[in-house]
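All chains are identified by letter, namely A, B, C and D, in their written order; residue positions are counted from 1 within each chain.
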């Protein structure tokens, strides 16, 4: 396709458009298929974004998941804490390690003993917050080393139970992305088939146009334009309906902060705007291909 | 439709089937549309089942969420505990309330102080596990009553943060079910449109058959059968592909126990088997309707 | 067997046909002529029930056309063999299946009629093309096939619209002979044609009435035919 | 302008046409006859490039048909007016737009040709039907419209396949007059027809050669024509 073809296509030729019958069921089919697909695509996109946010949030909560507890007599506690901190800072896979202050520990225990707990007088262990980096550390190795050098240390990585959550959210996101691709593929296939059905149904139109000396490009263009416009309109309507549908979904309240809403947030609301032009592009290529092939077939 | 029609339809009439042109793009379109829709339907179904399981599990964890903490001198502890239990049992919305034993409390505190904590010698508060019923209780009212009668009681319903999770899972399930309905609707619409396109493209066939004295039922049946079979085959292939796709999804490991896998479990693997017959039924009704209407139009 | 009683027809604009009465009795042979666009095809369509008259009454085999439902209409069609002006076929079926189509849709056993079919195809000169698809036929071959399809069921009435427009003189004589033979068996025949030479030839072999549409009315043609 | 040089054609089975040579020079007028199925339509299709010869060479306006790409082919078609045996139209456009279609696809301004168009429609007797859709036309009206569409561009060559098969004698004389007038303007005309009366009438007005396909060869017809 030359630049001239594209210009001609965009500028349009009212006469050329008229030579193809205006309506018919393949027209409705194209409109509907692109509308339905755009609608589903919006939902899949929303799901993908939401599960992406979920995975991110869960992953970041997982990042500060492990705790090291130093159970030692009061006089050894500081020494062992420092020893543990040294080991932790040397361990690969640990981003940072920090001993909690007395106030922080009191705050953590408050649900159990109330706010006025005399932490100092109790045999409360010293807690160290361990922040993993992306790769993560090897808990078994760390435990081995700690047991040798800091006898009172107990590594508690119970928060690892969140890992499957992150996995699940990630695979949910993958599923949603696969759905978006599937939907785009289904739309392309359906528009190609609808275009082919229209071309087959309009065999007589093509023959007549050939007979009176119309060029292939002229004929193809008349079909391509019609299908592209239909896909654009159909996808536009479907997209708007989809966005409305997503907006009307009950938003998960933020108080949990754990699972975010299924809708779009902020600028991602603009993302569905990409769908109609993409649908039109798919229709353009599909029809162009179908028309050229079919025109080549008919002698 | 009479029973005879159905019998005739199922037994079939090889001659009648031949009078309709065998292939064409509307045929591929029908096959593809039902295949793609069945595929998407399997995914939506899987999502709906998984989020349903998720919502159930989260909801059941929510059920034993609240804790009552009795902070009182050792001598008053038993009295206040009993008083609190009495109040709780009288409170509407609470299914049961139970004081934790010393061992249970020690186990809960073990992560903090190690397993060998002398609970009795410490000013550890008594914990009461409160199980809500379905309706739930009014925390503000309960707190007011407790503060009057059991001064040392502190109601901790922090686990309520899981409520938004359940809401989110429920709305995810709703979204998935809506998607299943949307997909079924889109499939019905597309098959109706494809059938109409085929009928429009075969206008000449219909005219010829009319001319030689074919009854409407004979003509309609030839189209209906073809479309029903195509939808059945297409949906069957799409369903199998969808089930394979779901089976190949990385299953979320069960260790978290929080989010279940996205696939089917146990007998729900049989659920997708419903899709092809349903698709065929949709195609049957859609084509029958389209054929009768179109045959009525053509004089 | 087919009766038109003061029938009028209009496609929506002015009247195309007014006050037409016509009776196709068993064993009758009619030709229909008239200028292009005068309404010959329209009149034939009224005769076989493809159009409803806007005025007057049409009865097929003593049944009022208005009172027939679609299924009864289909059964009537099986008793009337029609050759359309633009012969249409099922383009995906070979010629022999197309000619046998009336047998197929009426549920008759084609095997029983096989001899009949091959004899008929022989007569219209299409034996060699039995396996060709309709789009591969020449114009004249299509017309002959349409005539063969119209008579395969041995219908009571045969209505043909320009059945010889695209065939040469020799072949048109053969087709005429076929129609005359059927007529002698007691079938009613109605043929619309421009071909005056053919009509003259027919009149020498059979007692045919020549009708003419002129100024929206049906008249007996002059003595020159 | 169109040259066939020892052309042969076969649809796949045996040869249908062999060793055909034909030259359509400016101002020439040819009739083509032959039995139904002898290959008249096939020969016309070879002349306007709708079929590629299986043997021999066809040249359109001094260009070898084999060497033309599809776009050049389309441009050639604009210089050849063709009337198909089964006249096909764009069923969704009114008759006047259909007749003006060659102007539309070649990008000419229809307003400039409006007078031409209405005069032509007058001549073929279709002025009253200008806004009708093609499926609403009678058989003869379609044929006349097809001829009108073939000549609207004033092409160098006019090729017509049975252009008078469905019209009455009077109208076929009018159509013949149109073709003769165009021929006098220097156009080459090639008409396939079964209508011997028409051919005789033409020979009295113009110097026409009558060709006959017989036994796969092209011959000059006997003196009786």
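FYI, a residue touches a chain if its C-beta (ideal position, glycine included) is under 8 Å from a C-beta of that chain, and two chains touch if they have at least 3 such contacts.
Here the structure is a predicted model, which means the values were calculated and not measured.
Chemist: Among all other chains, pick the one whose mean CA position is farthest from the mean CA position of subunit B.
Modeler: Of all chains, D has its centre farthest from that of subunit B.
Chemist: Between subunit B and subunit C, what is the gap in Å from one C-alpha centre to the other?
Modeler: The answer is 63 Å.
Chemist: Using mean CA coordinates as chain centres, what's the subunit C-subunit D distance in Å?
Modeler: That pair's centroid distance is 29 Å.
Chemist: Whole-Å distance, subunit A centre to subunit C centre, using C-alpha means?
Modeler: Measuring from centre to centre gives 67 Å for this pair.
Chemist: Give the residues of subunit D that touch two or more other chains, as numbers and ranges in rising order.
Modeler: Within subunit D, no residue touches at least two other chains.
Chemist: What kind of graph do the touching chains make: line, ring, star, complete, other?
Modeler: Graph shape, chains as nodes and touching pairs as edges: a ring.
Chemist: Mind listing each pair of touching chains for me?
Modeler: Every touching chain pair, ordered by label, is A-B, A-D, B-C, C-D.
Chemist: Would you mind writing out the residues of subunit B in touch with subunit C in their complex?
Modeler: Within the complex, subunit B touches subunit C at residues 15, 18-19, 21-22, 204-205, 207-218, 295, 299.
Chemist: Which bits of subunit D are touching subunit C when the two form their complex?
Modeler: Residues 11, 33-37, 40-41, 85-86, 125, 129, 136, 138-141, 144, 161-162, 165-171, 194, 196-197 of subunit D touch subunit C in their complex.
Chemist: Under the definition above, what is the set of subunit C residues touching subunit B in their complex?
Modeler: 50-51, 70-71, 74-78, 82, 84, 88-93, 97, 101-102, 104-106, 149
Chemist: Which bits of subunit B are touching subunit A when the two form their complex?
Modeler: 24-26, 28-29, 32-33, 36, 39-40, 43, 47, 69, 71, 109, 111-114, 122-125, 154, 156, 158, 161-165, 167-169, 171-172, 174-175, 178-179, 182-183, 186, 189-190, 193-194, 196-197, 200-201, 245, 249-250, 252-259, 261-262
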